[in-house]
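Multiple structures are listed underneath, in structure tokens.
Both complexes shown next keep chain A, but they swap its partner, so chain B is in the first and chain C is in the second.
Entry: the complex of A and B
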């Protein structure tokens, strides 16, 4: 009882303090409130944003998270660079197809056979990396021609990738809200047994969710490769997958499934991008940046989830 | 001991079917364990191939343990290597401090260690058999010289410069940074306004650069960037384009890479990048392998073999293009 009261008092305070702290940091950071910086922050959302779209669908469907999406993006980057000799449209289509297929295969195991998603996706990441090493022999894959540079272009001062992210996010949100698949994903995530009893095609829903996640991750890979003008497993060194998971949690999706929205996840992506930018602009060392970024992510994720608990 | 099959494989050298080339030592019966960074890194791929290729010519049996430059994994593999009691362990460190205990254990087990690339910590100088290191100070200095030269050619009387480096905390990275700062100190009007480290991550390098360009846009802008590797410089060049900055030329951004790669060489030829430096994996691997061969043959080898490095600019890019492309 006491704990509940404490939470009731602490929670609004906690959220307000975190928000005020960030605002104060932003106001006192040289160069934060500028158009250039806003553009830089938006640009930095593209890769994490695309991966987190698929991650949202996975979490809503009750399959927790995928540990394979960052690797899928990296492998897709390599496939994209290698297939550019067939022309840009073919390369994009082929890459997205392969990404969707690798996702679908994991979805069959997780949705259809009820395999543990963490184990399946960790295994899938290892297999994908192994295949990539076997085919590339560890070399950097360089593009044929320069057709891909159109993906680095700008429209009204913002990179093409950001528009692609917006279209993808809206499409995914529409799938969740306006198609027959959407409610089925929520129901399956909310109560798998009930969904099965109601005769929902659990296997096919799971496959579809992971196929979409594979496709959006592969699009992230395509933009990543274009930005780096080549692709190798080095692109997998960062925290893409973890940032995407954090974005989904900050966006308020329930880790157990049944609740979440792609547009809210995009707010999570924006918060991570803003915090990453702030700690860099403030001139913290790399170690401090990682620590602060982690703390803010935990603060937001915990705050959001405590609030939902309170509402429920 | 858990063996990670994903990253570890055995490369057993077969006894040479044809006679060894003239001058090559016959070291059949000797066993070398190579603890090195793995195939997910193109630099490491070439480095490992050069080492194993040269060692195999001598008939030595070589076991390769690959890791992802993860200090914990490197330590596990060192323990694994020591337990095999090879004639020599060659190690490419992920973190110099975290390797101290492992090297001391090798010494206690009387297994000689050849430390590669990054200088060994002072605490284990007596415990390693020898080290073959890149001249990291020179690499940093070359980057500074590239940038100063480029800025001067543009006629700039003042400039803001940033450095985006590999993992902070390795002697390799801090030595390079020291060389860089010394070179930049020659021209005090050119200020190094930010030094940011990341984990040799090209994607992160691009993001950091783009956001730092924005930060300094109202403070006179950024005129020069040093990247610790060519593969980190390429996304920085793209970040600059995305930020609407010009590259090279009379008034564009001056970017210097390092540890040259084919993409870097192409960027120099295109005029987008001012220069780079060697420490290419081919030469580095060759020097390490040759030191190992001399050591195993019982020759006296100096404790520290420093591989000479060279500055690469548009003026001599053709000369180094070949070795950088390997």
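Entry: the complex of A and C
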């Protein structure tokens, strides 16, 4: 009863208030409305954007989130740097393959055996990090040659990574809309039992979803490594994974699965990038930045949940 | 009834799960005692003292995680509350340790109440809410610590807490043992235990039988917040230092201990002594790792792998998949008796 009243009062105003708040912050922040800053915001979307593509598919499939994608990106960055001696194309292919494989293994457990996704992915992240330390001994991996710098190039004033992100997002959205796999992912997320009863190969769907997520995360890792000209486990110290989860929630994907779109998630990625840029320009401390991002995430998670309840 | 269920597959599974915590604890204890046989290190009284010290450090965190899992929720923010509790106790408990603990526990209760309240009011799933909560509280930890490490000048308290009692224990480990026992008694001899388990097993049935589901969920979150903060406060007093980010390793320890302790991921099952057995087993394992001088990354690797194994054993559809694989066809598997899991079990909430 109280929750119902809460919804009536909060929901219509929620989006407007948030948008106005961000706008007000933007107007009063010096240096926000410049071309350079716009470019910086777009460039900062690349890493979070790529991880959030896979995160969207995972949430749509009903597995909520993966806590291992940021770690996957990090170890992919290390694998990419280490394998550059085989040439750029081989290095990219090998890295994406390893990323997809680690994702697929988690997908078998989560999709096929219905293991708890949060726990499986947290454990997988610990194992991946342990393996990475075993191979790298905690050292920074430097590239052989400079072939990777082509990934840092700019085209019409925008970084190559941004075009790659656009292509990836459109591809993922097309998979969701125009292939046979897409509707199966939605159905599985909407109702796992019904999907099973309908004879859908839910084990294989889950595996595919997590394999795609692993692949997009490893692409993020490849661009991260190129951007930093080296790779180490320190790349994993930021809030990449949490930003991606927040972007998916802001994009309006259903927490329980069955609804969501990659293109909407990209709007979430843009909002996260703008908020991150604003707090940076305003000189917030790391703690304040993290706190604010967390609050944004809670607000959107609750808001999206209430809106979906109202629709249902 | 018991005789009947014992005959069924589900009944056998239940018995197996009940025996699991003690079985695993015994197996790890055997491993520890047999160390001199296959390596050049051995277990001393001091190793056992260390094991209980280790158990005391993360015991309350595991207890808090276990309680929220028992009601069918999952609290990712618990590790952040543990961290914050340590920071607040160090920051405000220099002159009077008790007031430091009081402030930490009050903050834990408040954060638990806010999250539990939002959960009950909106009906949102606990995973995204507490993930957001984790990030918010992590931000708070950075702010409280002032982006540094807080040192605790009152060393005497740490020494007093960790002074050995009866060779094996310290005041700190005995205190934490007492919390476990108290909660076990409360759950065993009052309606608390059945209330918590019924909320975890089937919310609608619990509601129909007159259990106040909202109050139970909110109450468990408050209790969980208090336990985490208390655990963090005691730990930072003992270490005389508090850091703003402990990473996810303590959380992995706690979740593994909870699952080893026979708590079901989808809620409704398990007891406090099981969690204690899981915590002691994990601590004993850590002591073995330290005795063998294993490098940190190998310990993390082993812990991650152990958690993977335990959660896979828990996976509702693993048995079904194996049966289907054995029978070679899904139809044959579906005809077989199996226990039904809650449909939402995979998203960690009911």
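Everything that follows uses one rule, which is that the second predicted complex is superposed on the first by the 303 of 312 C-alpha atoms of A that agree within 3 Å, B and C clash if a C-alpha of one lies under 4 Å from a C-alpha of the other, contacts with A are read in each partner's own complex, and residues count from 1 in each chain.
Just so we're on the same page, a residue touches a chain if its C-beta (ideal position, glycine included) is under 8 Å from a C-beta of that chain, and two chains touch if they have at least 3 such contacts.
It should be emphasised that the depicted structure is a prediction, and the values quoted were computed from it without experimental measurement.
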> Is this a clash or a fit when chain B and chain C both end up on chain A?
Replying inline: clash
> Between chain B (first) and chain C (second), which does A:64 come into contact with in this model arrangement: first, second, both, or neither?
Replying inline: second
>> Which chain, chain B or chain C, ends up touching more residues of chain A in the combined arrangement?
In response: C
> Where does A:146 make contact in the superposed view: on chain B (first), on chain C (second), on both, or on neither?
Replying inline: neither
> Is A:16 touching the first partner chain B, the second partner chain C, both, or neither of them?
Replying inline: neither
> Thinking of the overlay built on chain A, is A:34 touched by chain B (first), by chain C (second), by both, or by neither?
Replying inline: first
>> Once chain A of both complexes is superposed, is A:85 in touch with chain B (first), chain C (second), both, or neither?
In response: neither
>> By the touch definition at the top of the document, which applies to A:285: first (chain B), second (chain C), both, or neither?
In response: both
> For A:179, is the partner it touches chain B (first), chain C (second), both, or none of the two (neither)?
Replying inline: neither
>> Touch test for A:133: chain B only (first), chain C only (second), both, or neither?
In response: both
>> From the superposed pair, tell me which chain A residues show up as contacts to chain B and also as contacts to chain C.
In response: 126, 129-130, 133, 138, 285-287
> Inside the complex, what are the residues of chain A that reach chain B?
Replying inline: 30-31, 34, 36-37, 39-41, 43-44, 47, 126, 129-130, 133, 137-140, 142, 152, 154, 159, 224, 227-230, 232-238, 240, 276-277, 280-281, 283, 285-287
> Which residues of chain A touch chain C in their complex?
Replying inline: 2-3, 6, 62-65, 67, 109-110, 112-120, 122-127, 129-131, 133-134, 138, 191-193, 203, 239, 242, 245-246, 249, 255-257, 285-295, 297-298, 301-302, 305-306, 309
>> So in the complex, the part of chain C that touches chain A is made up of which residues?
In response: 74, 76, 118, 121-125, 127-129, 131-143, 145, 147, 244, 248-249, 251-252, 255, 259, 265, 297-298, 300-305, 307-308, 311-312, 314-318, 321, 341, 343-348
> Which residues, counting only chain B, touch chain A once they are in their complex?
Replying inline: 6, 38-42, 44-45, 168, 194, 196-204, 206-208, 210-219, 231, 234-235, 238, 241-243, 261-263
